[in-house]
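The structure follows.
Order of writing sets the labels: A, B, C, D, E and F. Residues in every chain begin at 1.
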């Protein structure tokens, strides 16, 4: 398949309590590498695309390990440089039944967050790329992150590289960042060809204009307003999640076009969830795959939802599935043991 | 919050097969500390109360470890003394689907069971306490346990400390004890201000008078008879459990008053159960918390049921949740990841 | 109970990814011993029967470990000999939700597969036996396996030992074997008194005659055709599995007789499945137990389905339950903790 | 090889802290099956002999698991019966450097200890046996154990079965037993053809007569006195252990004959010890193997010491080595990787 | 024993690679709680003293877990408060043979480091205390840490509480702190009654005056100079470590007095080291125990060295031994298994 | 550093028993990726060189995992193709004290072994390479392996790429291969610029001419004969290992030149060995690094020995160290904790 995808964002080390234990209930932590944009890069590499990560890590064994995990799954890490600062961490406690999962971010002062725009030579990094993928997590890390994200997205537009932006709104990070999210996200959305955002994300970006978008029913209206506001935007997609309890969700997805047309994928019922972290990233990667592969949007949306659904069955942040896994699910191959 | 709670009972070491393995299927056992009354103490300490354990353990690393776990969760263990005898153990095999969990008690000859009444200076231990909590497990350990429980409960009444008694009827223990449960439990119930008991427990205590209470529908009638029989009793509560299979229950709860009024909490559907051991103790602790905190009984019952429901999501005997976890669930905060 | 059962087939070492991880996602593999016929032998030994394994393993620690596991569960392994070749392996990745489990066979060149008929002195091995159990896996290993299976089954008929044959059709093995399944399976079915086969298995055996048996509804017709074709066949049984997703199945079972009568067991709803590998073998062993114990066929079918259902709750290939576990489930003893 | 060996004693479940952790430092315990006489039985079975265990276990999963482990290693467990009581346990904390290992016995009230002499039909159990092996642990369990051991040893002498007695003096058990060790051990020694005992064991048995045997240098004199006292005794053997620290020992062994001749094996330097529990039993089994195999005593002593030395490299109580492992070590095959 | 000890310093969470793996070689980390002063507090509590921790942790599950671990081992944590900031972490890779262990500090921005002096009401915290223990790690965290340490030490002197100061010089921390160590450490030494420091520590504190103290031989001279410089100082102690390789050290210890007298403990040879982190803290706690218990200095030094030696055999930062363990080692009880 | 190194050989999956357990003593296996030439590739990549692997794996998750591990450590795997056949495995049991480690090869029929010469376009693969590294393991896999190795080495000479050949003589593989090692190894040695071989390897290659080289003292004479026989050979190196026991070795190394000069590195004493597998490959990679970096041969030999020594401290087949680790050891930086 054609078209290199450049993913820009922070690499994180996830430290999770085993099984359904409370954090540090027993003295073991399971380490996984993650990060919203890295998750997309891994998905794309596993689906057969050329995916490159642009990031900054500290020059220590944690930074090395994170890069090693990306390489293991086929991501090009030559554009991950090292700089002073610490490794961004997050602690995860996986919930169960009626006890929600909890993420404890410990990423302040990370090498990536404090690096600003300096480490990146965007014209070189984007040469030959089809897409730049970034997310709303980077600007939420603070002023430097915001600047770095905007510079990257502008460089992509300048270079004729399409921009994919995943809103990924995390209020706790923005609170800590002491930045106002709306203007920054507005700028990033205005540079995007493809955006992942639901009615809440759009409401954050557009402020009072979108304040009325109170629930999922309003996503179509929010999308219309987004297309009006952002002339570069060609497609807007999102998932919707009904949660019966912590382990049992119903996942659906919508894809909106500039022309007002709306596609809705058949929802998937997911019970006995193993790990839902990274499902949104798996969805984004699935849709990027669909666009890179020239699928119809209808098939593409179904592919993206199937990919996101499979993510719920895989431990860790990465969606460790391949094309055949997703296509089998779409084809309704059933759930018998594959021998 | 005001009011120290003194919990009296045996500390146990639980040795459980990992995951859903049969006991000793593989050569690993997971150790947890438990015991009905210790579970209540831990819950109360985590909910912010002053909770003290009164017990006896052997003077060896197992006894020390049990005390250490209680302290870790904030329970005052200064009144846990050491004495000859062994540590009470139980082996646990967690079932799945249609294979029930199994408990293999190995507590005969424990330091607690053979200690009798000697180690406890009740007037000192109860000084300044609001409640004494004990359960039907202690008298089921044999004559000395029965005597120790009755002496403790009497000392509490004498000292103006309210008595909370959880029936916790375990027929296999009573069988081994060579004691007749009815008269002993009768005495303990007669000393209680608050009791946890369902129609079966009451039928055991009251014998022929209550023999007709055959199913859960009869609990209200059984409760009325209990209030008639035991003039000290102010409240009687119980949970009710419909089991679709080993991993999927529907849990409800009722609270009965002397005046005949009955409260029923909205049932909770619990699927994908992680560990149900200790849920009854979590319920008892929840209701004690409600009383100590001056909640309305209606809110208190909802709180206790929510606490008991959360216990099903936590591995081990202790309900490792805090006030906010329970309040979030009651408030319907939903099941999304908390970041 | 009376009647030794001789099980003939390959012992396998299963190497499985822990939990719901993808294969080698983390660097640990869990080892279990299995093999369709060995699974039956272990079930029978645990249900109180004399069960002997006839097989060949390499003379190395893997072969020794496999025999050791059988002995541990009470199977007589004196008729497992050693020969050149390797240990048959399979790698297992347990799926979840909508991601199916995967088996990667690595059994080519195994000591058993290349041993042919030479190691077995059937008259001696079958002396005093009530049943010989074998399955369609052995002939699927190639020409030598096919010959070995047929020789064994013929020896049993000659010795007046009843033959139980489980179709266990594995198309990937047959493909690798370069053998045509139909004539070989036809011969084996013609020697069997009891067969486990559904409409697909029968269609494979009978070829065009049975080509119309497209779905589970046709199993009764397929069974009728099988009884017509195979005069030795007295009973034919199979399970049927509706799969809501990877973790939630509805399992039913049918038992067909020569006289055209059909028994259907009440289906069992199995959610939160732990490990479904070996459930078919657990069913076969359950029905053999029923026949050996003189149960009515109706009770026997219920017993076999209950045994197969319990297997879904036990990690590994072996159905580590005993008579009381199965009888408790049939008796509807409920799902509370057994203390 | 010829000659069945019957081993009589208690089966124990060892629960050990992982690695070099203190007991319950982390909440995991590793389970192993052991027991002095069972260790001998497993060694002998692995060395190619027919070994049968005579014992009593409780009728629960712990007792079953213990028997299963013996069978796994080839021991005949048909003479292990079930009886009321609990499973004998011991907790193990493996030390390191200058912190000694600790064993916490928890075997009071075990099914074996309270069974007495009733479960054993010795004439039947000893039919065709070459040796009965028992140890000083059984009488140390109390009066019933002492009686059971003496009855067994007498039955062996009556049946012309040679008696092998391993002193295995455990003062903490004797203290708890409220029995006087000297007369009981005296009786057992008087029935033995082969005994394992060092100067301390002999001093305990012979009391004042042997009080002067203060250190290892006196073992030969002690042995002479033992031969004088016990006319049935043909051989007496012991190991001697110089301990540089917890992980580094120098192990030697001596074999004494009635005729006063003494053999000393070349000591072995053992550093980086993995698990020394059961080394004495491995030595005893090694010498029994030598006698059963008709080795010269010199070779036999070297074999026994090599076997005991290898035990230090194997986790658990059982000496999981085979003939070739021991012979390789004796032959000086070196320490390179065997490929 | 009499005399409460107040320990002031940061609580840390240690995340270590399992066994001898490189950091993140496999995706598991073992969590331990540590911190130089906390290690002393735990040692003292386990040796029977009243030990209280004064510290600040973040209000999250990591902070809670750290306090829980201290309570588990008997330390009073009521004076550990919560404040904004993160939990101090360190990553540990345990080396082997000729590959040194590595510590990767990740403690910048910790709640403790940024808390400054505000959270501590020293007069109240020190009421009734015999000793305040602090170390050179706290001032190495930066200006606020330095100020907090000095304020604490001054408050102790003002309150007549003796000050114990462990130099614990960590150059990498001081480098990051942008502070000059000499003047700060000078002030702290000048307030101490008891100090732990070797010739290098003293050289850092005294600068040019002590520049000539190049190796361990000079420690006595360095000590003399320290006593001259710091009139409050009564005793100065240090360990000395000869390292044959990563796993094999020879540990000795010296104790210097104002009067110029010097005690040297008999060195201990430690091979097969399990975990050396915290050995210095174990030594400090051992000497404090000796002083609190009124031992002779000679016995006290031997006790402290024995305690430090035992630490090398215990995984984690805490010296999980008790009085009897240390006394047994001093008494030369040998290395046999304690039963 | 300049110069790409192409490594040609089989990728293997190692399945090892945990700790010092016997194989399958407990039901867990630890997976590592290895293979003599892959080990060299990983070492070189970690030391900063461009290293590419040329190999063939099956198209399944095991093959993918092996490639992923190489990529993780920076090896270029684009020249690893897939082909029919299985994954080469080996089972490892790590010995202890006087029990040697055991390797059980299970690599017959592997995709690599049966691939022959077809998958490799050597001119393209070698373009721009400085060295081709291969070993005596590949020809030991059988006729096709031998042909593939010789074709590769010839292609390298033709392309002016230097050839590094590691003898790696494994008699058990050669026995299974039904090939005569001498002529094949002779051909490969004749193509090599650098060879790793000791007196035994040379004796195998040169047959009767070298039969007298009976022990390590003869290596220099053997080397002289090798230089006479093979005019392309510039350097010949080997390690020598004195084994005190399984865990304690003394490792030395020699480097021989065409001109007859001999260098001997100072031996290193390695006690408490963690994992010695791959130490020879670490040595080879160290020397290649030295040559690629333009070190003096003396420094290079010391570097290679230090690298090989460090390997003994790292679990798995790969030498997970970097330049600084090796240089620190050579510089005598000592064994204190690096903070």
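Points worth noting:
Note that in this section contacts are C-beta pairs under 8 Å (C-beta built on N, C-alpha and C of every residue); 3 or more make two chains touch, one makes a residue touch a chain.
This is a predicted model, so every value here is computed, not measured.
Counted as hops between touching chains, the shortest connection from chain A to chain E is 1.
Contacts with chain E and chain F are shared by A, B, C, D. Farthest from chain F, judged by the mean position of CA atoms in each chain, is B.
The copies chain D and chain E differ by a rotation of 120 degrees on their C-alpha atoms, rounded to the nearest 5. The distance from the centre of chain A to the centre of chain F, with each centre set as the mean of the Cα atoms, comes to 42 Å.
One inter-chain figure worth recording: chain C and chain F are separated by 44 Å, centre to centre, where each centre is the mean of the chain's CA atoms. Residue positions 22, 27, 102, 271-272 of chain B are each in touch with at least two other chains. A complete topology is adopted by the chain contact network, contact being made between every pair of chains. Here chain B touches chain C in the complex through residues 19-22, 25, 95-103, 105, 170, 172, 241, 243-248, 271-272, 276-277, going by the rule given at the top. Chain A meets chain D in the complex at residues 26-27. Chain B meets chain E in the complex at residues 68-69, 71-74. If you check the complex, the residues on chain B that touch chain D are 15, 22-24, 27-32, 60-62, 65, 86-87, 89, 91, 93, 102, 104, 106, 108-109. Here chain E touches chain D in the complex through residues 268-274, 306, 309-310, 312-316, 320-321, 325, 328-329, 333-339, going by the rule given at the top.
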